[in-house]
Structures are given as C-alpha cells and as structure tokens.
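The letters A, B, C and D name the chains in turn, as written, and every chain counts its residues from 1.
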Amino acid sequence: MCRWIAYRGETKALEHYVTEPSHSLISQSIQALESTVSVNGDGFGLGWYGEHPEPGLYREVRPAWSDENLRYLCRHLHSHLFFAHVRAATGTPITRPNCHPFACGRWMFMHNGFIGSWNRLRRQVEALIPDELYPARVGTTDSEAIFLAIMGAGIEDPVGATEVTLARLTSFVNHDGAADRLRFTAALANGSDLYAFRYAVNDRANTLYYRESDEAIVVVSEPLDSDHSNWTSVPESHVLIAKAGEKARVVPFLCERREAAE
Amino acid sequence: MCRWIAYRGETKALEHYVTEPSHSLISQSIQALESTVSVNGDGFGLGWYGEHPEPGLYREVRPAWSDENLRYLCRHLHSHLFFAHVRAATGTPITRPNCHPFACGRWMFMHNGFIGSWNRLRRQVEALIPDELYPARVGTTDSEAIFLAIMGAGIEDPVGATEVTLARLTSFVNHDGAADRLRFTAALANGSDLYAFRYAVNDRANTLYYRESDEAIVVVSEPLDSDHSNWTSVPESHVLIAKAGEKARVVPFLCERREAAE
Amino acid sequence: MCRWIAYRGETKALEHYVTEPSHSLISQSIQALESTVSVNGDGFGLGWYGEHPEPGLYREVRPAWSDENLRYLCRHLHSHLFFAHVRAATGTPITRPNCHPFACGRWMFMHNGFIGSWNRLRRQVEALIPDELYPARVGTTDSEAIFLAIMGAGIEDPVGATEVTLARLTSFVNHDGAADRLRFTAALANGSDLYAFRYAVNDRANTLYYRESDEAIVVVSEPLDSDHSNWTSVPESHVLIAKAGEKARVVPFLCERREAAE
Amino acid sequence: MCRWIAYRGETKALEHYVTEPSHSLISQSIQALESTVSVNGDGFGLGWYGEHPEPGLYREVRPAWSDENLRYLCRHLHSHLFFAHVRAATGTPITRPNCHPFACGRWMFMHNGFIGSWNRLRRQVEALIPDELYPARVGTTDSEAIFLAIMGAGIEDPVGATEVTLARLTSFVNHDGAADRLRFTAALANGSDLYAFRYAVNDRANTLYYRESDEAIVVVSEPLDSDHSNWTSVPESHVLIAKAGEKARVVPFLCERREAAE
C-alpha cells in the first residue's frame, strides 16, 4: 500500500506538488488518509523527464519525510512529466532497486498494489519477462516484474500491453479456483504520454484521483488538499489516458476481456 | 518524542522485550499510543552490556520496523542490562551519532524529551560539557549534550550529577522569564545500576512506567502489552533507582531544589 | 572480487580476527593485497552461530572500514563459528540482501567469485533453485542463487551437493563452446561443520588460505598478517573440510567429474 | 584528504565533469593519484546553482562510485556553477551533514584539508561562529566550522573574510609553539563568483589545479585527464578568483598578513 503522484503539463518545479501542498506526498508518507496503512516509510522515489530521452531517478530507502536531499531536488528539478512515490512494503526488502519508480529505456512505471500470493506466483510472473529484458530486473518486487512483463508485451501499444499482462495475472490469481487478491493502481509514461490504471481482482481497487486544468493533469493516490471537489475519482477497471496535447480520457480497462471470459 | 525501554535483570535475549511483545518497541516505532507523535521512524538504537566493561551499540538511521539486522541482533544478543530506543526527531538531523543510546566509558544514556528553544540555548548547554569530554560530542542533539554535561557534573553520584545538570537547564529555560519548555524522561546506566528519570519544566512530563519481578526490572515509555495493571507509573519529578541486588526505589527528583528556588 | 574470513573453534570475540590483526578483514576492505581489485567497499556482512540453531546476520551497504556498529559487534559477539565478508560488487546492486553471508535455515554461505556472463546464464542458474526455496531468494546476486541451488541439491551431503551444483554451472559456462569464466571460492557451514571451496573454470581460482591450531581453524581469502609461513594455501579444485571435533582435511573437489568429462 | 571539483561557466550537465572524464571525480573516489590516501569512499556531495538563488545539495554517506542516484543526477542536472566532492574522513563521523559541500543562504563551500589537532582546537574554532549562524552548524566537521566562521567574518568581502579566518586558525595552530598542521584547499561561491584557496601551515598544501577556456573555468584537486599540460597549478598561499564575466586571477593569499606577523 503505497501513495504516489504523477504529473504531466507545463514544466514546473516538483516542489509545487511533492512537498508544498497541505496534504502533499511527503505528508502522506507519515500519515496517509485513504489507505489501510497510514505510514509509507519504506523508502521513496522520484522519476522525471528532462532534456535527456530517458528519465532520471532518485530512490532512497529512508523515509521521505526526513530526507533533506529530496527537498533540495524537488526545489531544483523542473519537469513536464514526473512521478513521485512513497512506499509501504508488502514483504519484499527495503532496497533502492525495490523502490518505485522503475525505468526501462524511455519508459517509467510506478505501482500501488500487490499480487496476493507472490511467493506462489512469483516464478510465473517472472516468466512473463522476455529474456532480453531480464537483465533489467535488478530488484525483487512484484511491481518491477509486472512492469517488465508489460514492456515485453508490446509496449508500442501501452494500454494493450498492460491489458494483456493484467489478463494473464488475473488468470494466475484465479487458477484452480485460488481467488487470490490482486490490486493494480499504476502509472506508466514514456516522456510525453501518461497512463494511469485502476484495477483489482477479488478485492476493492486502491483509490485513484485526478485533477486537470489547461496547464496540467495531476494523478494521485489521494487528493493533495482537503478540497475534494477539485478531484475526480477514476472508476475501478478504468484507465486514464493523458496524451501530450490532448485532453485526458478515462476509458474501460480489461472489461471486454473480462466479459468475454465470463 | 521518542519511545524507549531499559532492562536490568537476569541475562536474557533482547528479543523477549524489544521485538516479541504485543506492543513491543518495534510496534511502537510504527504506532505509539501514549505520545503526541505516533510514528517513531527517525532511526533507532540498541545499547547493551556484556563481558566487556563498556557497552556495545547498534544504531541506524532507518526505521526500526524494517531493519532485519535488528531482528537478528535481538535474537542473538543476551544481556543483563540493555537499552533500546526508537527516535522521533525534534529538529536535529537523522544521523547515527544523533541516535540513542549514547555511550561514554562505562556509562550509557538515552532520552525522550527536548529542550524548548534549543537554538537559543545550545551554546549554553554545550558549555556545560567539560573540555576533556568535548571530543565525545560526536553528534548534535540536545540529548547527547545533556548526557555529557551529566558525565561532567560528578558521575560517581549519578542522581546528584543529573540533578545539578537539570537544575542548570531549568534555570536556562526560565531565564529572563522565557518559560521555555523542557521535557526530560531518560535512562542512565553503568553496567550494574540503572536510573530512570521523569521530569519536566513548563510542561507535562513524558510518560514512564516500570514492571518489577524477582528476576528483572523493565522500564518503558509505554507498556509493552495491554495489561496495564502490570505496570506502575513513575510520578513526575521522580527518579527510579534500580541498583544491582536491590529492589528498585522511586524517589523525588529535584524537588528540594525546586522548592528552595520557589 | 571480495575478501572473507571463516572461523571454527573455541568461542571467541569476533574482534580477534575481524578488526584487530595487522592485515585484518577491515584493513583488506580498504586495501586488499592479493586481489585484482584493492578496494572492497561495496558493503559487508557478519554471520555467526550462537545458542540459537540459526545463524545471526549483520549486513550493511556502507564500507566496513567506517562502520562503528561493526566494531561494537565484533567486540561483543562471541562465537564458535562465524563468517565475515567485505564486498567488491561485480555488477549487481549494492543492497543488504546482496551482501554476504547468506543464511537459509541452519546453513550459512559466503562467496568470492563470479559467473562470467551472469546476464546470459542467470535464468538457468535460478532454475536450479527448487520451488520451495525460491521465496528465500531475496536478493539478485549470482552468489545467493548458487547457495540456494546447493541447498536444493541435497544439502545433507554438503560437498556432494556443491559438486553437483558446480558441475552444472561448469556445463553452463562451457555450453556451445562459450568458455565463460567461473570463479568459486566459498565457505559453507551448518553451525558445527565448516567447508571451504576453491575452484575455477576457464580462469585462475581466487586465493584461499587456512591456519589450524588445537583451538581453531581460520580460513581466509588472504593472510591476516605478514607472516605467511603460518598460512597454508588450499590448492585449486580442492575443498577444505573442517568438521567439529576432527582435524581439517583438504581433498580434491570435482576432479573425477572433470576427468570423466574430459 | 578529499578530492573535489568546482565549475563556473556556460550551463552544462554535471556529467561532463563529474562522471565522464577518464580520471573523473568518480574515478578519484576509488583511486586518487595525487593524495596520501587513494580511497575517497567516506561519502560525497553535489552542490549546484539553478534558478533558485540558494544552491541545491545532494549528499550521501555511501561511496560515490556505486551511487546510481548520483549518475542520474549528473546526467539531468544542468548548472552554470557547481561543486562536487568525494570524502576521505579525518576523524569525524560519516554522516550526511558532515559531507561537503555546505550551504548557508546563497553561499556554498567545500574543503580538502584538516586542522591538525581538532580535538584541542575545536571549541576555539566553533567560538568564531557568530550566535546567529550557530543554528546552521548541523554537523561536526572542522570544515563546516571554518565555513561558518568565514560567513561570520564579513562574507561581502569573501577573500577578506577567509583571510581573517585563516589568520586566526594559523594563530590557533601555532599557539604556545604547538606548530600543529593546518591544510586548507577550499572552494567558495555565491551563485555567480567562484573562489578557490590553497594554503597550509606547518605542512605542504594539498594540490589544486585549474583549466580555463572562453566558456568555463574548472578547478580541481587533481586533473580530470592525463594531459597535464591542460592544467595550471595554483601556487601555495594563493587564491584563484573567478568572477562572473571576468577572466580568472590568481593572487597571493594571506602573504601580507604573514609577512607582517613575521
């Protein structure tokens, strides 16, 4: 159960979203409100796009709330598309490679959720990663494995690749009537377009909100301020698609596949 | 606002007190109950006496709840007198030398509290440390400065040295009618005897409890289990004295000095 | 290219071997002599057996030479069988789970060496780990994968299980005429018996020495002092077997298998 | 004994100087050539100026050579004036606040050197820090204390303030015929101007080189490549003054004061 924020819009200092708001991500690291765990102190990460086609990452195992480097970076880094994430680990070790976001080439990914019985399903999920991407598996989380599986499932169509991957994960957790839980609330970006997914199997999906203006779209686990009327909830089994130069759309995710399977 | 535990008694593995109880210190690191802050995730420390006359220390800047080294050490270290501490920082950096406990020769100290306007009073408090002990000031906390001031005030009489030091601190916070707050709930030990203090100026004192049996005495910031009838509260302005081979006594601390001053 | 020390004998404080000798492991962390890299500053670890049947571990990502916790622990921990290891990473991240030693039940393992083209062979090596041990793979090193493969190859016969595993690795690196390099200089223990292996394929083996007395046997990557006459080199393709209550034996390792294969 | 680099010139990505050159600062962290210690693995730091008047800082206790965050930041951060520093500690703890550079308002400072008997002189040096700057003393190094003393000695004339401060330090180390050693090779900047000092008392000064072009000036502890003809050594007891829009000048430092004193 983590908390995250994704931003796409005019180039801005990260501090306006990560550290300054009344219920900023840093506040959520020590006291989240809409989560089953309130403390997200198991490491954190920033990922941002700048002039270089590949994103930059800053990831640390210490809690976000006390990291002075994070405050300096949020003040000095400017970006048109960035992610920030505070982690509440669900079993895998507290290491930098296990902190979100993850990067692979031009793509960046972060996640709030879990695969119910990871110990039972880990090998199956890792087997979805193609050989040429397996060296990019530098950590041990379910989240990184899902990301690399999506990367290998035809990332030129990112929603399609994510649907293919999540359909497979859905069949894994439901195999032999197991009905393990799966929660997947994730963000994916390539430097210009941003995608945010809200999905779950055998469970409630984690919360996901967004706020769009002429200048920017901000997607969050929970609102950054107390004025909830500013924020729109993304429904379960939907994906928010925020392409550069277009207004964001929220469309069904995996519904047809699920209906076809039912 | 930190949480701590001190133990003196039969030699035991630390895990029986630090990691295993239902509301163990590790549980308190992520959710304390009797404190103004519930998260104590700004580092932690162990200090213990063994065959060597000087105590051993293990201090880390990461939260206690996710530190796998801590679990191994609590299982494998046995001691007749040990301290454990989880920190919620009040302004000074999250570094190992700023984590409790502190050691100086045979003596060990840990603290839950603060000096109200540390920035104004820091130089005065540091000036209480004698020159020969000033190289032992390796961190920047008020707690370490108080400890070294006590060490320099005649540590052969530990309660007297602490009274002299706290009387000075009391006059500092009250100087020129300032009425700054001071909270001092601390443990001090020399390898055989254990002292625990509860004191405050211009404020409520932080909580302090103990439980004594034939085998051991345990002194804590808050009870390790929900059966509060097992635990006795140390009154404000009192010190608990648990000398080796004697039953613990709780006696007034600084009262005469304060009465004399009033 | 790492440096390590293994000890089995009378119960002693670790400091006599880890921190005090003129060319102690701590000295070797900042300046090793018999290695292609002189700095072993990519984390370190201690593993030791005490009263509990499973070993304790202390692993850290910082260099050993500046870790004050390590000095305290080496002074206060006593053990009849312990490992200490300083790491020079060969490509995998600097995380605690990637630091040696590794533990699995009663067994403990550490390694100095590498598998030549780990990116090509990683999936094959990980496939040697049985399903029931795969949850114990908490890091990403080749060393941990080899250990868990050995654990799964019949650990009740530790030399046999290691031979089976290394024979497989040898065939992997030589597959299709690849002739990738493999170096394996490792220690394995179960709380009473100690095994140390020196082996390589398509390369020189890393150095390995031991010193035996009536009280103890010490096995090291390089001698702890300048008096090299005290130390005996373990030949390549040999294993040192130091069972509790017996004098150590050095016997050929994998020779028959290799001869049969040639 | 540390290694550092300072840059002032056209806005560039830090990687061109910090991570990419053949003998980059990162290379020097694991193997410096012109120093009494070859390993600078006791933490590191970046400091840079951007749009904000105050500099940004990234400081870490791990060695620079293995820090993946550092590589991302050096690729993504662009600056017209930045510092980078790798530390070899001379006695004070390995903590982030003890890593260079240090910042105070618009000013930034880093240092390679030491005050001979710091334990004896520490209180005298700290007493040079004015009360209003003492809260900025968040670490325990001699370097930070010297910086804050300079800040308090009239920083509007930075060379003068440094001369006043170093003259005092010189008298401290020479007091009562002590002849303690002092080495001071430091960089100071305010966002537009850069100053680099090379000075020592009772000892050889640490090396200092620079390379100036139409676009930029780079000042370093040791050359970043093997073509030493590109680099000019700053003589002992001199200061390099590189003001925005002017060609750099190298002028005597503290000579008159010393001559007057002799």
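Convention: a contact is a pair of C-beta atoms (placed from the backbone, for glycine too) under 8 Å apart; a residue touches a chain by one contact, two chains touch by 3 or more.
These numbers were taken from a predicted model, which means no experiment stands behind them.
Chemist: Counting hops between chains that touch, how far apart are chain C and chain D?
Modeler: Tracing touching chains, the least step count from chain C to chain D comes to 1.
Chemist: I'd like the angle of the rotation relating chain A and chain B after CA superposition, in degrees, nearest 5.
Modeler: So the copies are related by a turn of 180 degrees.
Chemist: So what's the Cα centroid distance for chain B and chain D, whole Å?
Modeler: About 38 Å separates the centre of chain B from that of chain D.
Chemist: Give the residues of chain D that touch two or more other chains, as numbers and ranges in rising order.
Modeler: 68, 93, 96
Chemist: Viewed as a graph of touching chains, is the assembly arranged as a line, ring, star, complete set, or other?
Modeler: Shape = complete; every chain linked to every other.
Chemist: Mind pulling up the chain D residues that touch chain C in the complex?
Modeler: Interface residues on the chain D side: 30-31, 39, 41-42, 61-63, 65-66, 68, 89, 93-94.
Chemist: Residues of chain B touching chain C in their complex?
Modeler: These residues of chain B touch chain C: 48, 50-52, 56-60, 68-69, 72-73, 75-78, 96.
Chemist: Spell out the residues on chain C that touch chain A in their complex, using ranges where they run on.
Modeler: 92-93, 95-97, 119, 122-123, 131, 134-135, 137-140
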